[in-house]
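I've put the structures underneath this note.
You will see chain A twice below: alongside chain B first, and alongside chain C after that.
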Partner chain A sequence: MKSKLTHAVLSVFAALAASLLLLFLAAPIVKLVADAGGEGLTRLGSDAELRNSLLLTGITATTATLIGVLCGTPLAWLLARKRFPGRAILAALLDLPLLIPHPVAGIALLLLLGRDSAVGSRALEIGLRIVGSPLGIIAAMLFVSAPLFVSGAREAFAKVDARYEGVARTLGDSPWSAFHRVTLPLAGRGLLASAVVMWARAVSEFGAIVILTYNPKVASVLSYDRFTSFGLSEALPVAAALAILALVPLTLLRALRTDTRDDR
Partner chain B sequence: MIHLEHVHALKGRFLLDDVSLRLNAGEFGVVIGPAGSGKTTLLEVVAGLLSPQKGTVTLHGADARKLPPEQRDLSLVYQHAFLFPHLSVKENVAYGAADDATMHEISERFDIIPLFARDVRGLSGGERQLVALARAFARRPKLLLLDEPFSALDPRRRTVVRREVRALHRAWGLTTLQVTHDFAEAGMLGDRAVLLDGGRVLQEGTPAEVFRKPASPYVAEFLGAENVFAGTARDLGEATPDWVDGEPSIYAQGHRAFAFETEGLTFYAVGDFATGVGHAVIRAEEITIARDQTFDSARNRFAGRVTEVTTLGALTRVAIEVRGVPLVAALTTRSALELQLAPGIAVVASFKAMAVHLC
Partner chain C sequence: MISLRSIRALSCLLTLVLAACGGDARGRLVVYNAGSLARPLKAVLDTFARRQNVRIDQESAGSLESARKLTELGKIPDLIALADADVFPGYLVPAHVDGYVEFARNRMVIAFTDNSRGQSNITPLNWYSIITRSDVEVGRSDPDLDPNGYRTLMVWQLAERAYDIPRLAERMAARSPPRNVRPKEADLIGLLEAGEFDYIWSYESIAKAMKFHYILLGDSVDLSNEAMAEFYATAKVSVRGATAGSSVTFTGKPIMYAFAVPKNAPNPEIAGRFAAFLVSAEGQAILRREGLDAIAAPHVVGTRPVWAP
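For the complex of A and B:
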């Protein structure tokens, strides 16, 4: 009887705690969309700066994600499949960008890619301006979001039993052939989900971008700029439009994660 | 041909330790051992999926250490099949198939054509194993590596598939290495048996040799021998036993006579054994039971009492106590019924000297 009562009290407490957190997370977004969602969508038609900013955000985030996927996939496979000296250090290094404050990441990138740096000056010599250009935005997005892709992709590869690859090899496949005929299709959903997470993180980045490239403005910088220059009323529609557009990758991610079939 | 010499291979924390085995072209080898003994690891070394740290691996007469799995001309079937879940049954079988004709021939032989359009995730365990076997055969390899490939099949189908595998092995001249923990299966299929435990080869030989002449009491017990006794073996040497005619030179060539003392009993044994402390193994099927003292050629004859009678279909196990020492005999149920065996009945257990294996 006593244990039943304890169970009931704990259940009520757990439900209450979960509801409070959910409310805290959802309420600001719901309020934002409710208050300014309509105007935000209208502004998409009339505000050219907002449209250009969203377009820039989409292009830079997609480019950063493509680079992240291209370079991060082999790295993730290596970390999931191989045991080698320094593997733990490499994994920790990959997590570092997730832990440091993003303005700090921006400063570090500025040191590496700024006009006076070795890389930045060489790039300028061949006509490539990194800081203050879309390249700077891509670099900042890549730095802060690629570790998320590598981490997710590594998990996706680790979930594919290596014996599938082994069987494919004994059936005549080269390592590359086994990878693209077996591993990639089996890890595909996980990789795609990780890419969506990376893309979403890149879209929402502010701290590192604002240090590397204030102009041209990506959406996050634009909403901050409207807020500081014109106040809350001007920032609200932009923020609401961004919140509504964020539902796209979120929905995609959910769809990808609903089917996580496994086979033994 | 598979030839492993002093192979050491590490998989996680498990070590395959100084494993040597030889399987000639066309032979069917069976690796037996308890779970975690290294059977699958051994197959993975042969397949090239795990590189040995030391030792040599020779396949088809060539050094295979530098050969990747795809160049070893083999197929591997895991116990859990590992069918590719993103492909249909047909696509799985066709995955590494030599050609369409072979794929269809094999699929017919394993009766899986009705499954072709099915999603492999919806197959039963037995169906998965059938598809995995078909996929392996469809490649038409020279070497076949099978890891408990019949474990999920029902008994009737297991018999049919086992026969089919053996027939294909013969017809195609394959060299096959199969892992099993079922010694009966090993006896049915294997030309050679390798007993593995803790990553080491405990014994290698024909299944009959391994079964009848286990190298240690552990091997004997693993292989289901129920009468294993610790004691001391004494070479009867010059004292020619009464059942051996002629001079010692005759029995000195591998047919020496021994007396094995254990717990107050003396067993007579004939063979080529070491003297001193060791074990005697007598298989239950080698022991006959009589209700009274009969005179036959058996040199070991002990009066005792039945303690337990257990009937399993046509086979009956009879436990007997001889001066406090337990013996187990396996009889046909019909014999047990005719002898009217029951606990407490006085009987005589007898077995030939050749049935006593000392190790």
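For the complex of A and C:
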């Protein structure tokens, strides 16, 4: 009897806590979209700068995410599967970009990629400008968001029982095809979810980008720029348009993920 | 299961958070200032805070952004100090401010480091030929957001006229394309230090405070001299206006810094005391030590407010 009561009380508390957080997260976005969503969508037709900026944001964030997935997947697999000296340190180092304040991250990248740096000057020689170009945006996005993918992907790989790979190997699969045919599909949902989180984080980045590439302006920079030069009435539609447009890929990917699970 | 220990730990944390949110017993002074005032003002604020046992909260942003915090976000500081006195009549009078005090001058300079390309040859006489060299990158701030940004464009126009060199402004613009623009002049400092830019358009106060080398352009073009106001006024720069699509034209003027205590300042009494200290001989000496050219006779523009020193 007593345990039943405790159970009920705890359930009420859990539901209350969940609703409070949901409200806290949803209310600002709902208010933003309600206040400025219509205006934001209208602007999509009339405001070329806004359109270009959203397009640039989408392209750079997607490129950064693709690079992150391509290079982060093997890294995540290594961290999840292999024991090697310094693994714990490496994993901790990978979390560091998440806690560095973003303008500092921008400055660190500048020192690495600027035109007087080893990397930046070589790139300029072959005609690639990093700072002040979309490449700078991609670099900033990749730096602040890739650790989210790696950490999520690592968890996804860790959840796949290594024995399945072992079985595939004993049945004659090479390590590559065991990974491709067994591990990847089983970890797929987790990888996709991590990639979505990385993409969303990349879209929202401001602090590091504004150091490396102010012009051309991504949506976050444009929204800041509109606020300082025109005020809230001009900044909110930009943010609202971004929120509405970002909802499309986010929902699609989440839905894709759920479908896969339902199929199983 | 929720243990007694975890409840205790949670309540400890909650107490700490609440304690951090509650103010301490000391008085508080919230200051919004232009990026180029951050350092000199902090020096004055620190001295004031030590003596008066006041807690200081300083927020540095571009002058227009600082003004927007009041007009758009409804955040009211105890004191607001801006890099262009004209921002007060443009944005804050009469809703937030009746009168403001002009208290310091500055001049436009070109700042550089030992690593800047062409720095060994640059002089006050040939600067425009060095910064238009094709291997040189010149940084500047956004004319739509920052007074330093539109002042840079004014200097270009004035130099073209003063030195009688056709298309000089255009050539300087070519070495300082949009990718070399950042929101405000303080954002350029790191890029100059990192070697991304060889030269940046900045203020003398910043160049001094950062111990950069800098070129004095001469007061016919650097917007520092009251006596040259008439010539400065021949420079006109059109920037974006208060609504998208509109534009506002700024006319060249001697650079003047100004501050005010907003009407609804939460702590007007402390703000008044600080205002008096800022324009006192001691306050001005601190400003000058930090490289800002505090003027000998700070003066009120507009209605004389009660807090005016």
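Please note the rule applied: the second predicted complex is superposed on the first by the 227 of 264 C-alpha atoms of A that agree within 3 Å, B and C clash if a C-alpha of one lies under 4 Å from a C-alpha of the other, contacts with A are read in each partner's own complex, and residues count from 1 in each chain.
Keep in mind that, in the parts below, a residue touches a chain if its C-beta (ideal position, glycine included) is under 8 Å from a C-beta of that chain, and two chains touch if they have at least 3 such contacts.
What you see is a predicted model, and the numbers here were worked out from it, not measured in a lab.
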item	value
Chain C versus chain B on the shared chain A, clash or fit after superposition	fit
Partner chain in contact with A:Phe227 - chain B first, chain C second, else both or neither	second
Broader residue contact with chain A after superposition on the shared chain, chain B or chain C	C
Contacts of A:Ser3 with chain B and chain C, given as first, second, both or neither	neither
Partner chain(s) touched by A:Ile107 [first = chain B, second = chain C, both, neither]	second
First, second, both or neither for A:Pro185, with chain B first and chain C second	first
Contacts of A:Asp173 with chain B and chain C, given as first, second, both or neither	first
Once both complexes are placed on the shared chain, angle at chain A toward chain B and chain C, C-alpha, multiple of 10 degrees	150
A:Asp161 touches, of chain B and chain C: first, second, both or neither?	first
Touching partner for A:Val210 - first (chain B), second (chain C), both, neither	second
After superposition on chain A, the shortest CA separation from chain B to chain C (Å)	30
Residues of chain A touching chain C in the complex	10, 47, 107, 110-111, 114-117, 129, 131-133, 210-211, 213-216, 224-232, 234
Residue ranges of chain B touching chain A (in the complex, touch as defined)	44, 47-49, 68-70, 72, 74-76, 78, 80, 82-86, 95-96, 120-121, 135-136, 139, 145
Chain A-facing residues of chain C, complex	2, 62, 64-65, 68, 71-73, 115, 137, 142, 144-145, 178-183, 187, 190-191, 194-196, 240, 242-244
Sites on chain A touched by chain B in the complex	161, 163-164, 166-175, 182, 185-186, 261-264
